[in-house]
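Structure record follows, encoded as structure tokens.
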């Protein structure tokens, strides 16, 4: 089970991770985008976790919804609506819950991914965050289906995410700003895929911390 | 005596000298002015000597007047009216002549200098071309007064011009663009003084060529 | 980083404060959520035109708010789309009851944020339609990708639609007009230097003394290609020919359908330019180029158009849709009809465009 | 050198050709001698206003030719005063019989060339008077030196005198007005980067990433002082205080005396600014600075003026008197009276200024 405390820790850990990688994400975006992804994510997630003290008493659904709303109104750009929608959709499937089973977590991530797909209309291979989120959710789903234990399933997910992230490097971008570069987008890692990988990695690390 | 042929040679020699020193004069002007003195002089004198074939049959006065008019209408900036006036005034005192005595040459240079002084209102020590022209004309006048021989007198004039040019380095500019720099103008050689030195040097070299 | 700024994170806000102080006769600024609006808004019975996008493109969009152009603009962070709450608050502020047109540049971020704003606005009973501007011929692919960026035509669409709204056009007619402007406008740009996003503090890319970027957008992003520096005549030739020879451009865009009350995919096709077409030629400064150089571009552009039998009947030359201090320029050619010409000539009074 | 140009030596001419092509409704250009003039000149019975100076300051001066501003402008080479034959030919072209005012910026070159032009014009029976603009407070000394440069106030004088001429003022009144504008205007500028004269091909000076030049003119020349880069608030404070605290400025200038038919030395004194004065605040772009940054300057300037009891009643913000692509800005404060305000507000239609 994943409890509310861990969800809060995850959000905190991800924000810290973003702050640490702010320049890195921005540099990745400078090469094939407009040099703001790290800055955007840092601004948005700092604002989001600043809201958390107001909602610690509430359920996981409401916590994620608060995060979502703050992201939507403070990130802007492409990542604002995408991460905002991710957390918004995730929040609805865990509404009212204070702890999550492996199945809940899977449904939550799946709903988030579906939201991203619907909002951004990107497909696998378009060189976006979808190339990390989608294989990760698939891997997590398979692992959960087999043995229902969260931590190893999440480890599987991260392995898939990492592979997905690497795969964005040779891709020709079809969505987002990198698509304007045409063939010049090839050979560079996607910034949004990178931040999504960090999001999942923070989740894994939070879960690992508990089990230690 | 200085004949018309030598005057034409001098104008040609000075133009060549300016072309050779175009970048140098412009660099001097970049430091305490606006980085155009060499460009201005080169443009103007090239146009001026392009006119000479039309007037080779005429007297020295008309030759210098033609030069003057072309300079006035093609240099612009500060050096246009100043060199233009120099040659205009010079032309009037040698009107009708085809060769010049030492006294003629003195009067010609003096008239040119007076024109510059009247047009530009600069005084000795203001860090302008006057700081070269004025001591040179004084030295030339003294030498001519003593022995009436042009070449040694012109050598004296050049020595004085060279000293005058060096003297511009420590000066605080009071006229021209360099004056806006205040104390920052100190420690740099004046571009207009440098081109005036080249003008006199070309004259000396032309005279020396004949005597060789 | 060499900029006239205080703290990078205060740049957008402080710039808006200065703008509000300077143009209090034309605009007001609301902060949190941030939007700029006409002092006389809402105007009852007039369609309201709203645009928005990342900051750093001044005078676009805030500088185009005023009589005869935009009713409101939503500035995001530098080169970052604004957020739905800004767009929604702006819509509420300027809604005069005749509906609202969001003019949206085709970038993932702008498109998604404006879509969210549209969805929320409609649930709150505000009538909002959106038109996407996608005019950058440097972007080659169309189907299955993000498609072309919105660049120079945005400025022209805002002017023309703003004039139409001022003249009492209803929302349906303005939407059709805006779509028509977009379908008849094409742009392309080049950069001689990069620009520096204040929050990043260093240039987005670096070019050597002898290099330039061809086919850049307006976000300091690198272009389609990096090539050796060329003469202005050659550069203008490149840009003009890319625009003039551009084949009919087909793509699917998402517009809100009022009857079905949902997003529908609409197929749109830009017709190619034809001999005899009347044009508005727009030579735009990316920010750091002197206007004297823009005239060199225009000089060559006018010659090329004449040779190709295209007739320039209006022009606009200057800094209108910029990338901070980037050196470079873009060319936009808009095929005009009588209606567009009359609307272009109509009075406008904004900080960035006035006649 | 990164510029949108062909050959450096063709830069000025080709830029004028582009300008002529773009604004054929407003201006015509004559080449050899080169001057730009209103399409509707000469206007019988109207005083003609002519200015001129080196090129590279666009839109000044050619961009200010048109109804309500200049009748003609004489562009020199980049940063080089034009020549008397240009000024004379321009005067002949636009002379409407009511006399001509030459507005001259106080630089040795400009002053001498315009003086020569004035002398020749008068021998040819054209009535010409001259007013020098010398408003740059960065230049400290006054007597026995070249004195202060003419910078930002030139733009304001051209607008105000142009409006007066349009309204039928006679030459005497316009000369007095122009002198009054000059005596009430003060400017100062800074540079974050140098600019590159096309014919030279490399920057006039170089600044490190952390340096700036204070008290620069408009010819890419270094300023009074080189200091460490500061925040825009601090920079604005420096410029504004230098202007506001400037003591009465006394100097001798040469003006043509019509009765005596010769040059006379006139003593002039700028009064200092006083609490309660009404101002026109002009924040000018040196060329390469985004307008968003100018608004940050204006923001702070407005605060300072308010604190000092000075009332900004008009403002102008943008690229008006530039140094090619130099990054930086200048501030001009002009004390207004009712007459100047009315003339400032009067319609103007030029390539560079229009309302």
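Per-chain numbering from 1; labels A, B, C and D assigned in written order.
We adopt the following convention: contacts are C-beta pairs under 8 Å (C-beta built on N, C-alpha and C of every residue); 3 or more make two chains touch, one makes a residue touch a chain.
Just so it is clear, the structure is predicted and the values come from calculations on it, not from any experiment.
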Could you tell me which chains make contact with chain A and chain C both? none
Fewest hops from chain A to chain D - one hop per pair of touching chains: 2
Distance-maximising chain from chain C - centres being C-alpha averages: B
Chain-centre distance (mean CA atoms) for chain B and chain D, in whole Å, is 31
How many Å are there between the centre of chain B and the centre of chain C, using C-alpha atoms for each centre? 56
How many Å are there between the centre of chain A and the centre of chain B, using C-alpha atoms for each centre? 76
At least two partner chains per residue is the criterion; list those residues in chain A. none
Touching two or more other chains in chain D are residues none
According to the definition of touch, which chains form touching pairs? A-C, B-D, C-D
Which stretch or stretches of chain A touch chain C in the complex? 26, 30-36, 39-40, 43, 72-82, 84, 119-120, 174-177, 179-182, 184
Complex contact set, residues of chain D against chain C: 1-6, 11, 14-19, 21-22, 55-56, 58-59, 63, 192-193, 209, 212, 229, 231-233, 235, 287-300, 302, 315, 317, 319, 322, 324-325, 327-329, 349, 352, 354-355
Counting only contacts in the complex, chain D reaches chain B at residues 33, 54, 76-85, 107-109, 112-113, 115-116, 136, 138-141, 144-146, 149, 197, 199-200, 204-205, 217, 219-225
